[in-house]
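Okay, so chain A shows up in both of these, paired with chain B first and chain C after.
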Partner chain A sequence: MSVVARLAAFLALVVALLVGVPKAIALTGRVDLYYTLTLTSLLSIASAGVWITFYIGRINIGQAAYALTGAYVSAILVSAYGVSFWLTVPIAGLVCAAASVLIGLPILRLRGVYFAMVTLVSTEVARLLALALPITEGAKGMVNLPLPGPLDIAGVTVIPDFAHLANLRLGFYLLSVVLMLVTFTILYRLVHSRVGSLFLSLQQNEELASSVGINIAYLRIIAYAVSSFFGGISGAIFAAISQSVYPSSFTVADSVNFMLNCFLGGLGYVVGPLVGTFVLRFGWDLLFQAEQYQLLIYSIVLIGLMLVLPNGLVSLVGIRRRKAAR
Partner chain B sequence: MEQVIVNGLYLGAQYALIALGLTLIFALMNVLNFAHGQMYVLGGFVTYTVYGRWHLPFVVALIASSVTLAVLGALIEKFLFRTVIRRSAREESTMLLAAAIAFLFDAVILLVFGEKQRGVPKIVDGVLNTGAIIIPYDRVLVAGLAIVFIVAFMLFMQFSRPGRAMRALAQDRVAAQLMGVNVDRYSMVGFATGALLAGLVGGLLVAITGVNSGIGGPISIKAFMMVMIGGAGVVGGAIAGGFILGMLEAVGLSVLHAYGDITYLVIFASLMVFLSIRPNGLMGKPWG
Partner chain C sequence: MDGILQVESLTKRYGGLVAVNDVSFNLMEREILSVIGPNGAGKSTLFKLISSFVRPTSGKVVFQGGRISGRAPHLVARQGVVRTFQEATIFKGMTVRDNVIVAHHLRSHASLFGFFLGTRSARADEASFARSADEILDFLGLGDLRDELAGALPQGHLRALGIAIGLATDPKVLLLDEPFAGMNQDETMRAVDMVRGVRDRGITVMLVEHDMAAVMRISDRIVVLNFGVKIAEGTPDEIQHDEKVIEAYLGVEDESIGT
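Now for the complex of A and B:
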């Protein structure tokens, strides 16, 4: 696709998500879809983070730890210190990024399953910390968080007070979708920049990359910090939407799901985590009708997809194009 | 204190047996078997059905658990893992497969056996009481059996023909193939043996703690930890990791009791510190 065609496709997606979907929902009256779409957008932001760590050749099963941290940072700042929610979102991201630098310095030296298992353990550490620390109020969780207030920049109200919104669901939907679009734009730019090619060199061969003078330790930390930043902001917004956060809000199962989203979408494609999250999430919701067989069908479909398309759903596009070129 | 050490040894013997299966599968296939805890649970439920419901001897139940899981393991390796490893561009894809299999096992176990906690009648009655330590006889028996199985497994790996083939495979897949080892067959045997061990220990433990469909995930995480402590893919490491984790848990529960429920937080945190100092565990090969 040419640059113009790509840009047109992206703009069409933006219009469809910001105008088309609300219109369609208003016409059909399926307001419950707002919540699903909001949640899916948030999860895809966190999955995008996991995807970056995959891009440098690390299996990250610890994103739930950062999502949980982000959620708690935002919740504590909003409820205990009265900080504006809009300020807490980037703060939550930055706190997570800082934490990931501290944790990443030692553990990013690990590779393969060792890194995977340590990140898995870090998910449990975050949950147990949330249970044990006094400030997070233990297993009770933090409830009745206030809705996001107005955001004023230079006297102009950019975002209205969410408490006075006529359609709160639409508000949260637009917020998450805009953030998702921004996240994936950043991701696309990052991967197609000079740093992106350096990341790719880490994925292929760290020793070789190091031997031609690439500072691999520094790049690994950058990638991991960006990844955790995404996890943190998605967690912070999740806390605002559900107006609560518990130690069990994000668990090992979520970490595994973030990883599955990336795998299923395709590790070689920027839109992989986006496609994977939407397919998995909507597939899971659709299977709700199957009642007790929900998990059974879901896992069989997952295994089937894995056997047929081991390189992800987006690889279908590549296969077709290769056939057309032949 | 003696009591704490005995508890630790008892836990360690079981944990080591769980970790052995996981590490074997990892060594042979480079697959992190997410479904290991679920295999354990399935083994527990098979023993529950055969011993608890049909009232057949406990030994028969253990054999039933082992055989069921071994067959399942072999089928999973042959039809799922082998296919994915061949077709996928990145070897991490096996992790997705393993996670999906874990989901599948969870779903099947929930559908077939329900969500209730299940226990079986005691296999032997009575309590060993020497004054300093108090331990029920059935725990002594289970720990003893676990140690017997560990020793049997090590002897099997060390001296039998399939054991030698599997060790060769773990060392160097290509070299083993060049020496005439049937790589496909022994991968399958290895996976089946790993699954068998999971089913065996599940069957053993149902006699003590019972089993329910939700414990698969936590068991997997514990097994991962033991393997990490000892070093992935090393038999000795898995055994060491199992006993170390069992000991840590027993000591932690008694020492940290006063500070609330933080034993696991401390264990997890110290594990992360330990791994950042010694990334390949106690005896693992670098970069597993």
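Now for the complex of A and C:
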């Protein structure tokens, strides 16, 4: 695809998501879809983070720890300190990034299954911390969080007060979708810049990368921090939408799902985690009809997909294009 | 006799085993120095010690007056001492050209963030890396293969790509780990020319090698190790007539000392 075609496709996606979907929902009256789409958009942001750690060659099953941390950071700042929600989102991201630097320094030396295991445990550690710390209010969680207030920049109201919105669901939907688009634009730029090549060089051969003067420890930390930043902001917004956060808001199962989203979508494609998240989420919901067989069918389909499409769903597009080129 | 790089009483112990025992020698600017020795003589360990992938038990490596042993490999590379790897250590999933472009890391002026944003200096870096990569690939005869996936290259070209990656860092000293291993006569000839070409670019070359014929042909000087100890040092001619060297190889592979 040429640059123009890519740009056109991107703009079409933006219009479809910001205008088309709300129109379609208004016409069909399926307002329940707003919540699913909002949640899925947020999950895809966290998955995008996991995808970056995959891109440097690390299996990350710990994103839920950062999503949970981000949710609590935002909730505590908003409810206990009265900080504007809009400010707490980047703060939540930065706190998670800082935490990931501290955690990453020792554990990013590990590779393969060892790194994966430690990240898996970190999710559980985050949950236990949320249960134990006084500031997170233990198992009863933090509830009745206020809705996001207005965002004023230089006296101009950029985002209205969510408490006075006529359509709150639409507001959260637009917020999440815009953030998702921004996230994936950043991810695209990151991967297609020299930074992406450097990340890829780590994935391919860390020893060689180090021998040509690449500071592999530093780059690993950067990648992991960006990854965790995405986890943090998605968690922060999740807390605002559900107006609550519990130690069980994000669990090991979520961590595994974030990873699966990347696997299923495709580890070699920037849109992989996006496609993966939407397909998995909606696939799961569609299988609701199957009642007690839901999980069984879901799992079998997942295993099948991984066997047939080891490079993810997005690789289907690549295969078709390669055939056309022949 | 000072030289560009000094190996001073370098020793490496692995438990009770002394892999490298009190080895000293100098590397002169713009020479090709080979380190040879029977299997298990400690060549590979010495190589890893000099490129700082392994920390010495005692002794040190000094490059242009500064100690490099014990520092992180990427910092040693930054100073200008760069190694290649045995076998085919390359970025398999990238194109040949991207392999060399990414290896230009040490020449970048822009920061990571600058590359992300695509600032003016980042774009200038990227353009100059691409130009330099093409030049290096043409120099090593890989020009026609630049868009191939590196993992799909045949063996001989892989070795050349390894050297291309090394050259991309603009090294002062290039350490080659068995550059002729597994090559037939023809390929070795071409590789010998390639290494000479590298030296003619003003780069000092040190190599560790098994192939005696190639070593004798290419080296200005040779260091011989046996059981971790340096037993001889001199020109190819001197080495071929050295009693200790002949002894070390006798009965094992005496014919392979070469011509």
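One rule holds for everything that comes next: the second predicted complex is superposed on the first by the 326 of 326 C-alpha atoms of A that agree within 3 Å, B and C clash if a C-alpha of one lies under 4 Å from a C-alpha of the other, contacts with A are read in each partner's own complex, and residues count from 1 in each chain.
Operating definition for what follows: contacts are C-beta pairs under 8 Å (C-beta built on N, C-alpha and C of every residue); 3 or more make two chains touch, one makes a residue touch a chain.
These numbers come from a predicted model, not from an experiment.
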Superposition on chain A - do chain B and chain C clash or fit: fit
Touching partner for A:128 - first (chain B), second (chain C), both, neither: first
First, second, both or neither for A:110, with chain B first and chain C second: first
Chain A residues touched by each partner, larger count belonging to chain B or chain C: B
Which of chain B and chain C A:212 touches, first, second, both or neither: second
Touching partner for A:287 - first (chain B), second (chain C), both, neither: neither
Nearest-approach distance, in Å, of chain C Cα atoms to those of chain B in the combined model: 10
For the chain C and chain A complex, residues of the former touching the latter: 51, 53, 72-74, 77-78, 82-85, 89-94, 98, 101-103, 105-106, 108, 112, 115-116, 118, 122, 125-126, 165-166, 168-169
Touching residues on chain B, where the partner in the complex is chain A: 26, 32, 34, 80, 83-84, 87-90, 92-93, 95-97, 99-101, 103-104, 106-108, 110-111, 217, 221, 224-225, 227-228, 232, 260-262, 264-265, 268-269, 271-273, 275-277, 279-280, 287-288
Of all residues in chain A, those that touch chain C in their complex: 189-190, 193-195, 197-198, 200-201, 203-205, 207-216, 219, 222
Residues of chain A defined as touching chain B within the complex: 54, 59, 103, 106-107, 109-114, 116-118, 120-122, 124-125, 128-129, 131-132, 252-253, 256, 259-260, 263-264, 267-268, 292-293, 295-296, 298-300, 302-303, 306-307, 310-311
